[in-house]
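Below are structures written as structure tokens.
Across the two complexes that follow, chain A remains constant while its partner is chain B and subsequently chain C.
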Partner chain A sequence: MRYRNATAYRFLTPYLLIFAVFWIWPIISSFLISFQATRTVPWRFAPTFNWGRLIGDSAFFNALKNTLLILVIQVPVMISLAIVMAVLLNSPLLKARGLYRFAFFAPVVVGEVAYSAVFRLMFSLDFGIVNKLLNSVGLPKVDWFSNVTPAMALIMIAVTWRWAGYNAIIILAGLQSIPEDVYEAATLDRVSKVKQFFHITLPLLKPVIVFCAVLSIIGTMQLFTEPFLITERGGPGGGTETLGLLLYRQGFRSLNFGYASAIAYTMAGLAIAITLVQLWLTREPK
Partner chain B sequence: MISRSQRRLGRSILLHLVLTPLALVWLFPLWMMVVFSTMPDYGIFSPGIELLPHDNFLDNVNNLQRDTNFIGAIGISVSVAVTYTFLSVLLTSMAGWALARYEFLGKRLVVAIILGTITLPYAVVLIPQFIMVARDFQLANTWIALIVPPLFNSLGVLFMRQAFSMMPAELFDAARVEGVKEWRIFLFVALPLARPMLAALAIILFLASWNNYLWPLLINSQPGAMTAPVALGTLIGLTKVSWGGLMAGAVMLTVPMLIVFVLLQRHFIAGIAAGAVK
Partner chain C sequence: MAAVTLTNVVKRFGSFEVVHGADIDIADGEFVVFVGPSGCGKSTLLRMIAGLEDISGGKIAIGGKVVNDVEPADRGIAMVFQSYALYPHMTVEQNLSFGLRMNGNPKADTERRVKRAAEILCIDELMQRRPKQLSGGQRQRVAIGRAIVREPQVFLFDEPLSNLDAELRVQMRVEISRLHKELGVTMVYVTHDQTEAMTLADRIVVLKGGNVEQIGAPLDLYDDPANRFVAGFIGSPKMNFITAKVVETSNSAATVELINHGGARLRKPLCKALPAVGAEVVLGVRPEHFFEVGEGDCDIPVKADVAEHLGSVSYVYANAGAEELIVEREAARQRASGDHFTVSIKAERALLFDKTGARIR
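Coming up: the complex of A and B.
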């Protein structure tokens, strides 16, 4: 390829302008704002103002704890479920494949607001279909919204329903890229299907699974809509408050931009750490 | 002795026994959304178990329209999603084309910045974007505020770069020999060849815009400027609200996308699976 600076930049510039103004500059700006006291006019530089507050803020640690708790439970459960879905959907024995694919993949197109509304109604204490069904098989009703543990479980159930199929699509694409003859050779050597799964499928899928895990962790870390709409602004009593919700409350309810930026950069720090772990896990063996 | 075909049959039955209940559980929320949207409010709050649709959908739509101007909000959402998708496909495929087919100064830097920042959480840019659009540009509650800032999304650039770099170079060189200008090669040779990828990208972008919630919630909070998800979201949690109406709104947001999904499943899945191809 010859150097064609002028032509290349004619194609690139419109995108690069938007990218610089609405992505790169805000990344830098947010970092700078986190070192300023923003509740005074004009803002003044005060490096420990927000970060110092963060270290001593119990609301921040509550949100951090809830976010990490959801991460640690929900992401592994969802990824395991997505692997099961993908492997079963990939079976040549499956009939009516289209119907099953629709069932698992359909939530991918459902918006956060629409499904939050449905889940809220389905899980309501007295009129919710879930409690009615629990009752009809002799189980007690669960008060999903007034107690912390069921409320957290509800958030995890909702997110898992929405995103398991999405991950299954990616894992299924990974499965279909594994050459058929690997399995044929294993079958000829009388290796059982279960052993094939653990010794062939899983190791070959590792990069895809790690990729899905990273995407899911970064997505769940920013969780906002579900605790905002389903459990009513992080209720009960902050029991499902997440970092995303705390950022919203500080940034856009209290208009405390400096503190909200510090919270945002805490999330960025976590995301960078997780990305580095991914790179390390999927590094090429030397 | 159990024969091979009997073992196969056994495995097949087991497979369907595991998958069918799971599929039903997964479909259940969508089914209940449709059922709720067709029930009068007193039906939703009755003690019995109702699992079949009724015939109250249009009344519920009327109730929803009384609670908030949902039809107007749908109009905004459609226009914004269509405009955003068109602009974003155009911008990202132009950028992807440049990165795939030309050598130029600063190319490695541009790619490094895009790749290096792609996993940063969106939350990081939220505050400065808001300050810029609402305070500095005074554009809150406008269409520009809904359409332009989300155009920064770089997945499309990587996706289209991949698509264009897989095309054989001779294709474009032949046109160059004949003296065809670069932008004409892009428009009339490269883009038509990339049609399946463009379709996949367009679907993913349209869906993202259609369902986008946080940014429109922050920037377009005035009643007349709300998108459909934001308008619907304002009703969740209110005490005097028609739940049948809310569910009718959820159906209007979801069912068109489900139909698109069924019709264009191949492109949809290609678009999502390609997110994994770096």
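Coming up: the complex of A and C.
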């Protein structure tokens, strides 16, 4: 038995080595770095240097506020949209289901840079199709890139476009695992389709929805691509700067690794805390 | 309470017809069992009565009112599904009351109905549990309870016992029978198990390939089947079918020769048209209708292959000519494998079928 295990571990060694060097070590190392002043040569140990700065840093609180704002608005909207999409996909009336499923999933596999570029074009002030459409229904043009509120909205729209279909496919799998006869029993009980949705479908989908929400929360906590590429590094004037962007700026523009590590740990800690609260709120009643 | 009448009911899935014009009259308060092999359309018929499947042709009436275009919930029926179809996220109590709550039924009345159902089925103890925390038999009770709570005119059961073990099945069978007496409502019950059909039914509807083969009381089907299919389906172990040929007809009787049994002959009195001489026929004899030598009208020697001793009776799987026969013996007369013995057939206990399987009476 022991010998068998030893063989297995020998086969696993290459993976475990790589995992240790590129995952475990950075995690430990960045934790240690967060307690060092890294703008001096050589680095010196100063436990309160970065963490103290974090508590008083208005740039950090700005990024935190933006990230949480996106989280609180975008995640619920996207999950709701994904549920609606999944229910429509699951409808027996739908023709060409495979095509829709592909179309919903496609945004995930589109390259980030390409998708961001297309969004910039679509939302551009004078040439963008979005403003043309707004004009054509009599609404004023919106300057998506130079005002904070529209810029935040744009980020949320983009993220939602990219990930709603992905979540819809996961929720669809959950929908399809609900047995048909439960709905038949409800039909015999004179429960309307709408009530069936709220009293049967949603409660039975809860585990899947929680799963999607947790994934989305973790994703949004790390949000980087969209504010970096679409609103040009958190513009206008830091109005869409997220924790991910702040970390990037501190770590890789200012080369302040200690402070960046402290931010990274804050992001991870927050993601874990929010997820735990979420799991606790939606736990199965005993 | 209500009678259920099916008139020339047809069901098609696309162009594929699965029920070919069923005529079934179910009286008010009757317990009727649909029985037949897998895929014969039992569930489809039941689901059409429930309104879960459209009716492609013909009419279904419940309590004298044609319900072809009536919503399932308005037909006065309740259905118990094979898979129970309980709401997994609700407690037993919520499962029972869900339909009533959703329809704004007065709270006191809902509570009364749930309480009554729980008492009838002895599930008071389980009210706060979820389906996951129940055994198969308990889930079955809850499923039946949910039907009782609706206070329907007609109960529909689709193979409700098929997921239970043998012992529990017998117990629930008795309980469903008791329930029928207590509530006095019409029940339509689907099963492919002929024992269940025989023990529960006031009348049995035997189906095969989407056709009604015969409708009748259990013992009528047993004693007087309309054709070879019904004869073979009802009764356990199955009826034996012995190949024979008509060698002589006279005086409203036909004499047949059992071709695989050394020319043994049986004279069978008949009351309807006599078959032609030389016609191939089949003689049906139930395992319990083989008699001791000399007691019957025709003796055939057999050799025991395997003997199963069940205590009160034994079944001997015997080889006779090219045919396998199942012979029931009283325990005292049991045989060991390899024994040679002779059994006797009584003309009045043998049924004659023509080549197509129709009964020759």
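Quick notes on this one:
Here is the rule we use: the second predicted complex is superposed on the first by the 273 of 286 C-alpha atoms of A that agree within 3 Å, B and C clash if a C-alpha of one lies under 4 Å from a C-alpha of the other, contacts with A are read in each partner's own complex, and residues count from 1 in each chain.
Convention: contacts are C-beta pairs under 8 Å (C-beta built on N, C-alpha and C of every residue); 3 or more make two chains touch, one makes a residue touch a chain.
The structure displayed is predicted, hence computed values, not measured ones.
In this overlay on chain A, chain B fits alongside chain C without clashing.
In the superposition on chain A, A:L125 makes contact with neither chain B nor chain C.
In the superposed model, A:L276 makes contact with neither chain B nor chain C. Here chain B and chain C are compared by how many residues of chain A each touches, and B touches more. In the superposed model, A:L139 lies in contact with neither chain B nor chain C. When the shared chain is aligned, chain C comes close enough to touch A:P203, but chain B does not. One geometric descriptor of the composite model is the angle centred on chain A: between the Cα centres of chain B and chain C it reads 80 degrees, in steps of 10.
In the superposition on chain A, A:I18 makes contact with chain B only, not with chain C. Superposed on chain A, the gap between chain B and chain C at their nearest CA atoms measures out to 6 angstrom in whole units. Taken together, the two complexes place no residue of chain A in contact with both chain B and chain C. Only residues 50-52, 71-74, 77-79, 81, 83, 85-89, 98-99, 102-103, 146, 150 of chain C touch chain A when the two sit together in their complex.
Residues 8, 11-12, 15-16, 18-19, 22-24, 26-27, 29-30, 32-33, 36, 44-47, 49, 91-92, 94-95, 97-99, 101-105, 107, 110, 113-114, 117, 119-132, 148-152, 154, 157, 182-183, 186, 207, 210-211, 213-214, 218, 229-230, 232-233, 236-237, 243, 246-247, 249-251, 253-254, 257-258, 260-262, 265, 268-269, 272-273, 275-276 of chain B touch chain A in their complex. Interface residues of chain A facing chain C in the complex, by the touch rule stated above, are 179, 181-182, 184-191, 195, 199-200, 203-204, 206.
Listing the residues of chain A that touch chain B in their complex gives 1-5, 7-12, 14-16, 18-19, 21-27, 29-30, 33, 85, 88-89, 91, 93-95, 99-122, 127, 129, 132-133, 136, 161, 165-166, 169-170, 172-174, 208, 211-212, 214-215, 218, 221-222, 224-225, 229, 232, 243-244, 247-248, 251-252, 257, 260-261, 263-265, 267-268, 271-272, 275.
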